[in-house]
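Letters are used for the chains, namely A, B, C and D, taken in the order the chains are written, and counting of residues starts over at 1 for each.
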Amino acid sequence: MSLAVDDLQVYYRTLRGDVRAVDGVTFDIADGEIMGLAGESGCGKSSLGNSLVYLTGRMKYVGGTVDLDGTKLPIWDFEAMNEHRFRHISVIPQYAMSALNPTRKIGAMTADLVGSRGVPYKHVAGEFIRRLELVGLSKDVLGMYPIELSGGMKQRAVMVVSTLLDPSLLIADEITSALDVSTQKAVAEMLVEFRDRGFVKSMVVITHDISILYQVADTILVMYAGHLVEKAPADVIIGAPSHPYTRLLISSLPEVGVRYTERRLHGIPGTPPPLLAPPEGCRFRDRCPLASAKCVKRPPFRELEPGHHVACWEVGG
Amino acid sequence: MSVPDRVSTTTVGDDLRIGAAVPPAPADEAKPVSGLRETLYFAVRNKKLIFGLGVTLSMLAIAIVGPYIARHPPLDYGGQLSVPPTTRDGYWLGTTLLGQDVFAQFVTGLRMAFVVGAIGGGIAAIIGMVVGFTAGYRGGIVDELLNMVTNVVLVIPTFALLLVIAAYLQVRGIMTEAIFIGLTSWPWAARAVRAQTFSLTSRDFVSLARLSGSSSRQIIFREIAPNMSSYLFMMFILLFGGAILIAATLDFIGLGPSNTISLGMMMQLSVQNAALQLHLWWWFLPPGLAIMAIVGSLYVMNVGLDEVFNPRLRSM
Amino acid sequence: MVTRRRRRAVGWFLSAVGAVAVVAVFGTGGAGATWQAKSYPRAQTLITSGTQWGNIAGMNPYVGNNAAGMIGLVNETLLRYDPLHNTYISWLAKSTKWSGPKQYTVVVRSGVKWSDGKVFTGSDVAFNVNLARFNTSRWNNLYQNLKLPIQVKGNTVIFNFKGTPNYVQWQNMIWNMPMISPVQGKTIKTAQELTTYNPHNPVGTGPYKLDTSGYDVTTRVVWAKRSHWWASDQGVAPSPAPQYIIDLVNTSNTNSLAAVLAGVEDLNNNYLPGVNKLVDSGKVHTFFPKAPYMLSANTAWLEPNTARVPLNDPVFRRALGMSIDINKIVTDDYQNLVLKASPSGLLPTWNKYVNSKLVAKYGFKFDPAAAKSMLLKAGYKTDSSGMIANKDGSKIDLAISVPQGWSDWEAARDMIIASAKQAGIRIHAVVQGYPTWQSDRNTGDFDLVIDNAYQISDSPWTYWNGIFHLPIITTGTGQTFANYERYTNQSAWNLTQQLDKTSPSDTTTIASLNNALETVLMKDVPMIPLWYNGIWAQMTSKYWTNWPAAVGARQYIPCMWNGYLQMTGIDTITHIKSTRTAAGG
Amino acid sequence: MLRYLLRKLLIYALTFVAAVTIDWGIPHLMPGNPVLTLMGRIQIQNPQVAQHVYANYMRSFNLDLPLWKQYYYFWVSLVHGDLGTSILQFPSPVSSIILHAVPYTLGLLIPATLLSWYVGNKLGALAARRKVLDNTLLPFGYLLTATPYMWLAILMSFLFAVTWQVLPVGFAYDPTAVQGWTWTFGLDLLRHWVLPFLSLFLVACGGWAIGMRNLIIYELESDYAHYLESLGAPRKLVRKYAFRNALLPQITGLALALGAVIAGALVTEIVFSYPGLGYQIYRAITNEDYFVIQGIFLFIIVGVLIANFVVDIVYMIVDPRTRIGMQEGGQA
């Protein structure tokens, strides 16, 4: 058991009250598991990802626990978290393109970084170069400034840097969205490669793009409006999703490789409920074809069959 | 430099870090209405902004009302000579060595300061933006050429040009001065805008707009300018203050308007007429204090606005 | 830690630059500096200011802006003139006289030596007068009238004239022409060289010589006392007490005033606004203990362009004159530091030429109402706004100009505009820098200017000449030195020339000529006398006392201005006493 | 790289020519005639003679030539370092006037500009670090930048020189000082230098501090800063990066400042009667001494251009972005 999240609640402080971006989320990630995290924008998937490493100024820890390899992560305490960041849990941010200090050579910057974490650069230098080469970057990159790299190269460099200390969990946030299909494929394969080589034990891959998840993810976790909807092995989610939302989600994919992006789901009338003071019960019920009276109560995220959890009254009796 | 291979519209929506003005909030939060509400919310709670705005507005009020309550025309030599501030016959700030009403001169000067600031700053801002956008967006030879023009304006000492103008216009008005300042004080603004545009141009969403075939003007005014709007506004404020300071300097060396009084001219005249040695402090203190108050509060206001427009700075 | 080191480096770099910069400032001091550490002994140093504006142009007596004090302290004149007692003082010349109807004889003092040790002789006088052969000399026109060569017999120099001598101008030249050393002056071979002549250290006969080590064109000229000076050796004048005289370049009136108050300057010859307050409070003193505080230097007048309508009409000019509230200018603008000008505008020192009967008859005083009715009676119309319009009904809006930045004149200008308005005369101000103001005045492109061209002198002729001089030059330079108002009155000009050519002994003719000219002036009002600019002089007694004063024996002119030392400015210097050391030097 | 440098040099050359041409044009655009000023000082009585002399001077100042010739000769004499002759201070050459004034001005400007830049940036960085400082230090910064140079000068002159009389009211050294490489004279110079320096230094310092503070705060919120933080990098490292990146724009600012501060120096020198370039310009402007104006402005133009060029080079060295950008042909 690599990661165990139990009833995690993380809200955004706003003027009109708390936005319940992550509202009582419970799930596990097994060692070596690559879990895809999917859902429309604003469904809270990025918030969930972030909350595991780095609570930004306006995110508020409300409740729940996060255990990594049996140790409890103090995610509410910025300073205390530093100990775990990078070493045990690391991230490839959405903004990987601009994540590197523009005025510092990549080698030097990495040296500063690991050095500041008490790891002498020379201990990791060799590995660093090897991994760069693994992702197709020559060692010259060390002597280059970010501006000298293309977007894809920067992204790969960031991948390598983020995983340099072999964290047990890596959060990859929308890392493919800025790339074209072929590059995406490559990046995706690298993620798997990283896992297989044990650079990271397990991963959370956050993306809109279910087709990408199909390529990399062992399991897929679907979120809707701050709630978990369904978690199951990738082929199950793609092939035989059981939650009505998941079904619509999958069916609304024209074909693999094309994204639905910002557009609200065509198939489904209505929009997700506002996350400040959201309605009790199932948050999908207004748009749900199967909605019934039961749905006013929040459906538990129960195990349908081993490895397949669903939050719906109507499925699997 | 290389533009990212291919871009999806998603990044535009999701990259919370494009443009300092976009608050890092969940998607459903980023609706314009709430955005505005939010800005206002922080605006009214930002001490710097409130303070700056307060001082500036009260100064403005004095500048508008003052001349009406002043009892004597600012240039008349009516009164007793060098009277310290008094309530008698309306010489609230006393009189000059030659018996002019300091209060009347002060409030008129304030008014002039605001006129110069608004017009001078405005013109400078417009020129600066046009030049900056074009240079920053087009780059290449256009950039170099505009840079050169900017440099020329930058290195030509302003007084030189004003001297010529001064020699020609035997009666110079405040407008002349304001326009002149506007035409000469835009270079730094142009450079700043250029730099900003430059960095924004390399952003994915601009590249995207480019790819999707929008014209340069569209890109500049739909993609770039909006993302800098707060920046541009703050730039204007700085130019406003700058214009006031420049005007004061020009007036002080006798290149100011000929048919009125300004804060700078008050300083010049007070110095020329030995106000320091005769300890006529009420003559040379007010104009400087006023300029300091206006420009200073503008700057403070500027930082306040910055914090309001740019949520990342609110933590500070 | 890279950055830490780099930042320290920056720190060092900056402080280094700073140091260099400071050294650079030392460096300027170093320009031709001595290596001794002492400073000029304040107690034996007279510090003056108020003459030199802007950098010191050098040591050429023939072009303005030469080092203040050079003429008088170094290069002396044959005679001096005391305007307060209207007497000539024999100086380098033991005697001068009109030895014949067309002959002038100068006998040079014996025992006078140049600072280079050579003896001062008659031929030196001839040399200097001969410099007037160059047309860039302001005395060239007098030279035209000389029979050449000038006769020199030892110490006696005889000048013979072709025609009737210009007695007045000649006499004026004699006490104004500086004697420069032929040894240095012989380099002057062309008219151009007369204006570019600039000796490194001028050789003179005077009590002081240039201290080149202290001379800094941007800041000051330092004159060091010579061990011997003929005048004190021969008992003609006391030996001046100051070992050094330092004249500071003027920067601003205010800082001069501050310097006076701080005891940095002993004598200041600037117009210092509001100085009357400081005199009344005893901080500084002036020639007169109370108003007008200052002696009068020249007449400030309003020049109407008599070539333009309506200023070509004497009635209008008179009305304009009556509409100016000069008293207000004197009391408010000048705080009584100046005197109101008499209707004839003749300086107080020329009072003896003023005929009170004429003044009573032709003079006018401030009366805007009378002025207006006078104009209407003369056929002027009024326009829609009730202001005076031309006889043909066309609008009148006169432009008045003073050099920009002359704040006292600017105030006076505004007061004139205001009071003229009461008489229905519309005037507006135009702003011009001095040179533009000057060339517009010279070329006649103006309506009204405030001006003061002619300094106090030994004859009202200089004053009349300035007003009536003919012909009017309309090309090129325009009027370069006189009659800017373009007043064409041949008979008046004839009278003026006649005055110039009247022997000083013929006092009755001189008196009648002056009366005639006064009459023309007051009747025809070619220009409007306003006030008498003062011989601005503020003195402090911190280091020096025994300053000139209105009462008592020391009625000298306390002024370093060019041309004033050979009046009685030099006597001021020879009579002051140190407050620190034993009286004298 | 070299290509880039050459191109820059070319641009600067063009800028120089353009600026100098405008500079040259100034006197010729002016009404009024400088030679008449000179005539006024020589006071020639005989009109005919006056005309003659007038013609002479017109010739010696080249004012009788057609414009294009005047322009041509201007460059010729410029190449020979001849800036013409002052009208007001005839016959002193303009170059000597400048040479006498330059050391004073540089002695004020260089320390004032560089030190204010250094100190200001330091303070700004401090302020960005601690909220306390941010609220105590910065307000003064705003007040200072908002203060007109001359007014601060007036104020200090009024307090220190006029009222308390602890420092001299003006001039570069005491009237009785004997110049030389001596401590007494050096200290004397310093005493006269303090007030003008301070009034320049303080105003500029405030500006730099504010600028630096805001820049750093921006940097601390940039992506790379967040990335480092999410990888647990300590505050120290992040600040270090932020400071260095924030410094870059300040370097450009420095070049611009050098151009702008001339105005500040001008009024400061006027208030303190400090015999530097600023005071000379002032005299020349108010007396329309064209050739001096021309010469001094030329001097300033060259100075500012050089400053800008140096900064361009420095920037190229310290900021990879510009360096890379330009290697790829400058368009980014």
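Going forward, a contact is a pair of C-beta atoms (placed from the backbone, for glycine too) under 8 Å apart; a residue touches a chain by one contact, two chains touch by 3 or more.
This is a predicted model, so every value here is computed, not measured.
Engineer: What chain pair has the highest count of contacting C-beta pairs?
Structural biologist: C-D
Engineer: Which chain is the middle one, judged by CA centres?
Structural biologist: Answer for the innermost chain: D.
Engineer: Using mean C-alpha positions as chain centres, tell me how far subunit A is from subunit B in Å, no decimals.
Structural biologist: 46
Engineer: Using mean CA coordinates as chain centres, what's the subunit A-subunit D distance in Å?
Structural biologist: That gives a centre separation of 55 Å.
Engineer: Centroid from C-alpha atoms only, then distance subunit C to subunit D, rounded to Å. What do you get?
Structural biologist: About 37 Å separates the centre of subunit C from that of subunit D.
Engineer: How big is the gap, in whole Å, between where the Cα atoms of subunit A centre and where those of subunit C centre?
Structural biologist: Roughly 91 Å separates the two chain centres.
Engineer: Among the residues of subunit C, which ones contact at least 2 other chains?
Structural biologist: 252, 258, 261, 404-405, 432-433, 436
Engineer: Enumerate the residues of subunit D that touch no fewer than two other chains.
Structural biologist: 30-32, 157, 162, 223, 244, 270, 285-286, 288, 324-325
Engineer: Out of subunit B, which residues touch more than one other chain, so two or more?
Structural biologist: In subunit B, the residues touching two or more other chains are 1, 17, 167, 254, 271, 276-277, 312.
Engineer: Mind pulling up the subunit D residues that touch subunit B in the complex?
Structural biologist: Touch list, subunit D to subunit B: 7, 11-12, 14-15, 18-19, 22-23, 26, 29-32, 131, 134, 138-139, 142-143, 145-152, 154-155, 157-158, 162-163, 210, 214, 217-218, 221, 223, 249, 252, 256, 259, 262-264, 266-267, 270-271, 281-282, 285-286, 288, 293, 297, 300-301, 304-305, 308, 324-325, 328-332.
Engineer: Note which residues of subunit A are touching subunit D in the complex, please.
Structural biologist: Touching subunit D: residues 53-54, 56, 81-87, 90-91, 93, 95, 98-105, 112-113, 116-117, 145, 147-148, 158, 161-162 of subunit A.
Engineer: Any idea which subunit C residues touch subunit B in the complex?
Structural biologist: Subunit C residues touching subunit B: 252-254, 257-258, 261, 272-275, 277-278, 328, 332-333, 335, 399, 401, 404-405, 407, 411, 414-415, 418, 428-433, 436.
Engineer: Mind listing the subunit B positions that touch subunit C in their complex?
Structural biologist: Subunit B residues touching subunit C: 75-77, 81-82, 97-99, 166-167, 170-172, 254, 258-259, 269, 271-274, 276-278.
Engineer: Help me check something: in the complex, which residues belonging to subunit B touch subunit D?
Structural biologist: 1, 17, 20, 139-140, 143-144, 147-148, 151-152, 154-161, 163-164, 167-168, 187-188, 191, 195, 198, 201-202, 241, 245-246, 248-249, 252-255, 264, 267, 271, 276-277, 279, 281, 284, 287-288, 291-300, 303, 306, 310, 312-313, 316
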